[in-house]
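Each in structure tokens, the structures are laid out below.
Two complexes are shown next, each including subunit A; its partner changes from subunit B in the first to subunit C in the second.
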Partner chain A sequence: MGKTLFEKIWESHVVVKKQNGPSLIYVDRHLVHEVTSPQAFDGLRLNKRKVRRPDLTIATMDHNVPTNDRSLPILDQTSAIQIKTLEKNCKDFGIKLFDINSPNQGIVHVIGPQLGITLPGTTIVCGDSHTSTHGAFGSLAFGIGTSDVEHVLASQTLWLEKPAPFEIRIEGKIKNPHAVTAKDIVLSIIKHIGTGGGTGTVIEYRGEGITDLSMEQRMTICNMSIEAGARAGLIAPDEKTYEYLRGREYTPKNFESMIGLWRDTLKTDSDAEFEKQFVLHVDDIAPQVSWGTNPGMTCDVTDSVPSADEFAKGDLNQKKGAEKALAYMDLKPGTPIEDIKIDRVFIGSCTNARLEDLIEASRVIKGQKISHHVRAMVVPGSQMVKKQAEEMGLDKIFIDANFEWREAGCSMCLGMNPDILSPGERCASTSNRNFEGRQGTGGRTHLVSPVMAAAAAIKGHFIDVRKMDLS
Partner chain B sequence: MRGNVIKYAQDNIDTDVIIPGQYLKVHDYAELATHAMEGLDPNFHSKVKEGDFILSGKNFGCGSSREHAPIALSHSGIKAVLALSFARIFYRNAVDGAFLLPIEIEQDAYDAISEGDEIDIDISTNEIRNMTKNKIYKMKPFSEIIGKIISAGGLFKYKPDQD
Partner chain C sequence: MESFKKVSSIVTPLDKVNVDTDQIVPKQFLKLIQKSGFGKFLFFDWRYDENKNKRPDFVLNNPLYVNSKILVAGDNFGCGSSREHAVWALLDYGFSVIIAPSFADIFFSNCFKNGILPISLDEKTVEKLQQETSPIEVDLETQTITTPSDKILFKIDSHKKKILLEGLDDIAQTLQYEDKITEFEKNSKISSILIND
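Take a look at the complex of A and B:
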């Protein structure tokens, strides 16, 4: 029997395999940021251990950096300490750091691919659940906690029980790719399989609906694999993958000579078997909007807010969850999604803050002003994205529309830096999580694509972007 | 292990409500514990006692990989979380850092155990004894490796060579 892409990458990284037990897996790249690493470095010091492969470890600061003027001091002292601590740890242990003033600084999952650090067939870990993003390059990439960060720093390996391969086929062609995006595909998937639908698996996304996508769109899909509970998301590399990585700052010198091998090996064999399968037809999918407090609580923009019973389909816990979500979100069942007014718009995060996301959003904005009752911000995923966008004049389009144009970071995705919602504020957000309090205590998050967020900023409420001229 | 149950009869308790993002900068575990479950139950800190257990539904600990979540619960006094299922990163963090036991239970135990019940957990027999209601339920056994890491007291104390 043939093997899946996941199994091939897994097997090529096994250092030790215990019979009927876990395997010790070699880690090719370890990405580090300021929030989940301090205790891991403390642990190394306590046990007088070194970093085993500082050359394979790369750090940046993204979670709690302010996104306003970088020449200003960081006012939050605890954030300033965490940032200083990462600087000291990287210096002490010889790790390359893209610090707050580096032109390469940015969200760790944006800069990895952009710098050519993310490569096909590799294993990548980071103390961040959205490490699944890197799977778009055919790399087995997953998030870990701080104890495991310490284990990888010390040994460059991790004990892992083998997840099950899960095939998600995306069939068909999207009719209007400017209006219906990768974000809508992945939200649709989670809406169908649920937030626990991928637990214990590595998802491989396949089919025409995936190969049609650009690398940046593929990253959006793999990014949200964790929101379905999966360990990782994977997409087999193809010519788009190689073209994207060619000539980047850290793309290895032997890159061209590796491509032949990757073409031959990094794919699922035709007779391989997956333990689980799901098919999504994308021909007629609508832009998606989340209405609740987890990413599975999502519907079409043309729908109305469901009742708890409609959502739960007889499951008691689901019903209670939906009732609680509707109360938290202050939404009445039956309200058309397009009638929901918003206060804030956030275009950013490791899900949707790449150049293409900003280009697509700018099409909607161009020549228009945001609604008078909306405050909107664009936070590029990296300083490099910001620079490229400015070279294209996108900053002017956003600023002219009254968007705030910020410095790179995780920003309002997670409520641990100055960019937060006030209690009760309702936000159209391109991020990945709509959990209670995620964007600030009492804040209400609706997950949408960049185009949908931009349109909501202009209209002051959600609108089906398929009705707009986006050519 | 014996203690009382704090029950959250819902699925999908995420790590953002277990420990909201603004506290990820807190390095003092005792202080972190004062904010445990704050996003879901602001009274948690005042009601939790040393040795208590949390009982919940499916997909407990979903979302962010923050190890602060099991740490905050552990330093609040929680010795185990009993749930119908766990998100994998939370499960792994709980075990690897030896913060608390993630115990998978069946629907019968989930339905029958109430808030405040005193229960006794025996991981050698995989039994949960409800002292208040005088009932016994089965827990799902830990896999071999998880059992070994738990017995060793966490990932760094586990010595695979001695297997």
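Take a look at the complex of A and C:
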């Protein structure tokens, strides 16, 4: 029997296999940030251990960095300490750091691909659940806890049980790709399979609906694999993948010869079997808007807020969850999604803050002003994205429309820095999680695509972006 | 890590599905650089209102459960962010066993690194345990949960069981395979990141 792409990458990284037990898997790339690493470095010091392969490890600061003027000191003392701690740890252990003043600073999952650190066929880990993003390049990439961060620093390996391969096939062609995006595809998937639908699996996204997508759109899809509970999500590399990576700063010297090897090996065999399968037809899908407090609580923009019963379909626990979500979100069942007014708009995060996201959103905004009662911000995913956007004049389009134009970081995706919602504020957000309090205690998050967020900023409420002039 | 053997206590019923790690420990508390002291932040936004007063309807604020070591929750517990701070908070608060119909992968793995035993049982059994008001006993060695009326067997991977029972240092174990890791590296086609620097 043939093998899936995931199984091939897995098998090529097994260092030790215990009978009926876990395998010791080699890690090719380890990405480190300020929030989930301090305790790991402390553990190394305590046990007098070194970092085994500093040359396979890079660090940046993204989670709690302010996104306003970088020349000002960081006011929050605990954030400042965490950032200083990362600087010291990288210096002590010989790890390359893209610090707050580096032109390469940015959200770790944006800079990895952008710098060519992310490569096909590799294993990539980071103390962050959205590490699944890098799977868009045909790598096996997943988030780990801090104990595992320490384990990888010390040994460059991890003990893992082999997850099950899960095929998600995206069939058909999206009719209006400027209005219906990769974000809508992945939200649709999670709406159908649920936030636990991928638990214990590695998803491989396949089909025409995937190969049609650009690399940045593929990253959006793989990024949210974790929101379906999957350990990782990946997409077989193709010519788009190699073209994207060619010439980037940290791609290896033998890149061109590696492409030959990747072309031959990095694909699922035609007779391989998946343990689980799901098919989504995208010909007629609508822009998606989440209404609840997990990403599975999502509907079409043309729908109304469902009742707890409609959502739960007979499952009592899901019903209780939905009732609580509706109360938290202060939404009445039956309210058309387009009637929901918003206070804030956040275009940013490792899901949707790449150059293409900003280009697409700017097409909606151009020449218009945001609604008078809305506060809106764009937080580019990296300083490089910011610079490229500014070279194209996108900053001007956003600023003219009264958006705030910020420095790179995770920002209001999780609100560890000063960018947060006030209690009760409602936000159209291009991020990945609408959990209670995620963007600020008492804040209400609706997950949408960048173009849907841009459209909501202009109108002051959700609107089907397909109705807007995107020429 | 301390070794895990038996735990006896009453259960704290947390009647919620899809409890994410943002709820277990909200982001404003992730800025500490040590592992200790996270217990006071456990379920912070559910335990306290905006004026930092205890919410009387939240289960952890019920004096009945103050010394409970066993949390019994709904499906897909620990989903979302990979933050191990969630496990540190549960442990520091006093929980050493979490029972639920299912767990998110990263959270599940994080538990074993810190001496917390996550047990998944079918939904009906979990619901029954949530109703249990007498103390129960969880014995890892025999993989048994004993209630006044029942004996429930649970499954656990033998390697994970050993790690908890012996309180093993994971990294020390792995470094015994150092020659194998070195051998693997010699054959790896993937170059270092910084070769171009």
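The rule is short, and it goes like this: the second predicted complex is superposed on the first by the 471 of 471 C-alpha atoms of A that agree within 3 Å, B and C clash if a C-alpha of one lies under 4 Å from a C-alpha of the other, contacts with A are read in each partner's own complex, and residues count from 1 in each chain.
FYI, a contact is a pair of C-beta atoms (placed from the backbone, for glycine too) under 8 Å apart; a residue touches a chain by one contact, two chains touch by 3 or more.
It should be emphasised that the depicted structure is a prediction, and the values quoted were computed from it without experimental measurement.
Q: In the superposition on subunit A, see if there is space for subunit B and subunit C together, and answer fit or clash.
A: Aligned on subunit A, subunit B and subunit C clash with each other.
Q: First (subunit B), second (subunit C), both or neither: which does A:R29 touch?
A: In the superposition, A:R29 contacts subunit C only.
Q: Which of the two partners, first being subunit B and second being subunit C, lies in contact with A:P423: first, second, both, or neither?
A: second
Q: Determine, under the contact definition given at the top, whether A:Q156 touches first (subunit B), second (subunit C), both, or neither.
A: second
Q: Which partner chains sit in contact with A:D55 here, subunit B, subunit C, both or neither? Use first/second/both/neither.
A: A:D55: touches subunit C, not subunit B.
Q: Is the number of subunit A residues in contact higher for subunit B or for subunit C?
A: Partner with more touched residues of subunit A: C.
Q: I'd like to know which partner A:Y250 touches here: subunit B for first, subunit C for second, both or neither.
A: It touches subunit C, and subunit B stays clear.
Q: Thinking of the overlay built on chain A, is A:G415 touched by subunit B (first), by subunit C (second), by both, or by neither?
A: Both subunit B and subunit C are touched by A:G415.
Q: For subunit A, which residues lie in the overlap of the subunit B contacts and the subunit C contacts?
A: Overlap of subunit B and subunit C footprints on subunit A: residues 16, 18, 20-22, 24, 35-36, 38-39, 43, 47, 63-64, 76, 78-79, 81-82, 127-129, 143-148, 150-151, 159, 161, 195-196, 199-200, 226-227, 229, 231, 294, 317-318, 320-321, 324, 414-416, 433, 435-438, 441.
Q: Going by the contact rule at the top, pick out the subunit A residues touching subunit C in the complex.
A: 15-16, 18, 20-22, 24, 26, 28-29, 35-36, 38-39, 42-43, 47, 49, 52-53, 55-58, 63-64, 76, 78-79, 81-82, 85, 96, 117, 119, 121-122, 127-129, 143-148, 150-151, 154-157, 159, 161, 163, 195-196, 199-200, 226-227, 229, 231, 249-250, 252-254, 258, 261, 294, 317-318, 320-321, 324, 414-416, 423, 433, 435-438, 441-442
Q: Quick check on the complex: what are the subunit C residues that touch subunit A?
A: 15-18, 20, 22-23, 26-28, 30-35, 45, 50, 74-76, 79-85, 87, 102, 104-106, 109-110, 113-114, 123, 157-159, 169-172, 174-175, 177-178, 180-181, 184-185, 188-197
Q: Using the touch rule from the top, collect the residues of subunit B that touch subunit A in their complex.
A: Spelled out, the residues of subunit B in touch with subunit A are 9-12, 14, 16-17, 20-22, 24-27, 39-40, 57-59, 62-67, 85, 87-89, 92-93, 96-97, 143-145, 154-156, 160, 163.
Q: How about subunit A: which of its residues touch subunit B in the complex?
A: 16, 18, 20-22, 24, 35-36, 38-39, 43, 47, 63-64, 76, 78-79, 81-82, 127-129, 143-148, 150-151, 159, 161, 195-196, 199-200, 226-227, 229, 231, 294, 296, 317-318, 320-321, 324, 414-416, 420, 433, 435-438, 441
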